[in-house]
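The first chain written gets the first letter, and so on, giving A, B, C and D; residue counts start at 1 in each chain.
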């Protein structure tokens, strides 16, 4: 089970809200909304996505990575390595 | 007219694709997809949103800000100030 | 004259403070300071650098780009294009 | 011992190079170097700092967090929580 599974309804609610923000962006562009206002809304959606990513990554460390490390062995190495790569992608995106 | 207006269909296409990515994220979470794969997809959507923002901001500078500066006066000051604030929000989001 | 020239002493003061932060980081590493404390200090230095970049870019828009646009012609195109590229590098670094 | 201790000489070398970049930035500003060139150099220094942070955080996960988790108990919770907070600061800086 992925680490986020107990918060699944909350994660889904946040993603649905982000989907709504992206649909709102399309309406803004269709209505020729002033660029700066579109940009402000994009910054909000980006930040909301980033926030979901941080939540999922945190839960992943607290559950999946932690359990693999407790069990030890090669899987522990693999999980820690994988988490390091995911953090890099997140910091650089 | 906002600066992005001649590229409006292209901007809308990109936003619709991002909406699809966010819907895909919801399905991934519903299906208990492995956290790291969800994170990779979130990084892709974040980067796509950022890329639309850079495009809109660039067009805004090339059109709205540029025209206001050509006309001169107080509006030019206001537009440049506003663009500086939008860049800050973008860099920090 | 670059756009930051009237704030030169302030920009230099900020850069010297950042240089001090980076030297402080070296001492922390030499003294085997706890990783998380080193990371907190790196985040502070990164944010300070980013903040100088935003200031310089803002002044560049308010002065160099603005003047080139007022004069018009090819140089205006070139300056706006160049600023767009600098913003991209900043958002993605 | 912090997790980076075996790579200490390499981390120190990278930080000294960043210190040199920041000193180079001061010279550029003193010499009235064109803003865009200063910005390019700031982006390079920011990216180098970020890269050191990712390295330290990765080593921290691979060593300190991992060992605390292997030992189990309250310290494991504390370390994982602390790493989550450091990742947030890094993503948002």
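Assume contacts are C-beta pairs under 8 Å (C-beta built on N, C-alpha and C of every residue); 3 or more make two chains touch, one makes a residue touch a chain.
Just so we're clear, the structure is a prediction, and the values are computed from it rather than from any experiment.
Counting C-beta pairs in contact across C-D and across B-C shows that the higher total falls to C-D. If you average the Cα atoms of chain B and of chain D, the two centres end up 28 Å apart. In this assembly, the C-alpha centroid of chain B lies 22 Å from the C-alpha centroid of chain C.
Averaging Cα coordinates per chain places chain C and chain D 18 Å apart. With touch defined as above, residues shared between interfaces to two or more other chains in chain D number as follows: 50, 53, 57, 83, 90, 92. If touching chains are joined by edges, the resulting network of the protein chains shown is one closed cycle, each chain touching exactly two neighbours. Interface of chain C with chain D (complex): residues 1-5, 8, 11-12, 15-16, 18-19, 22-23, 25-26, 29-30, 32-36, 38-40, 42-47, 49-50, 52-53, 56-57, 59-60, 64, 82-83, 86, 89-90, 93. The touching residues of chain B, counted against chain C in their complex, run 50, 53-54, 57-58, 61-62, 65-66, 69-70, 72, 76, 80, 83-84, 87-88, 90-92.
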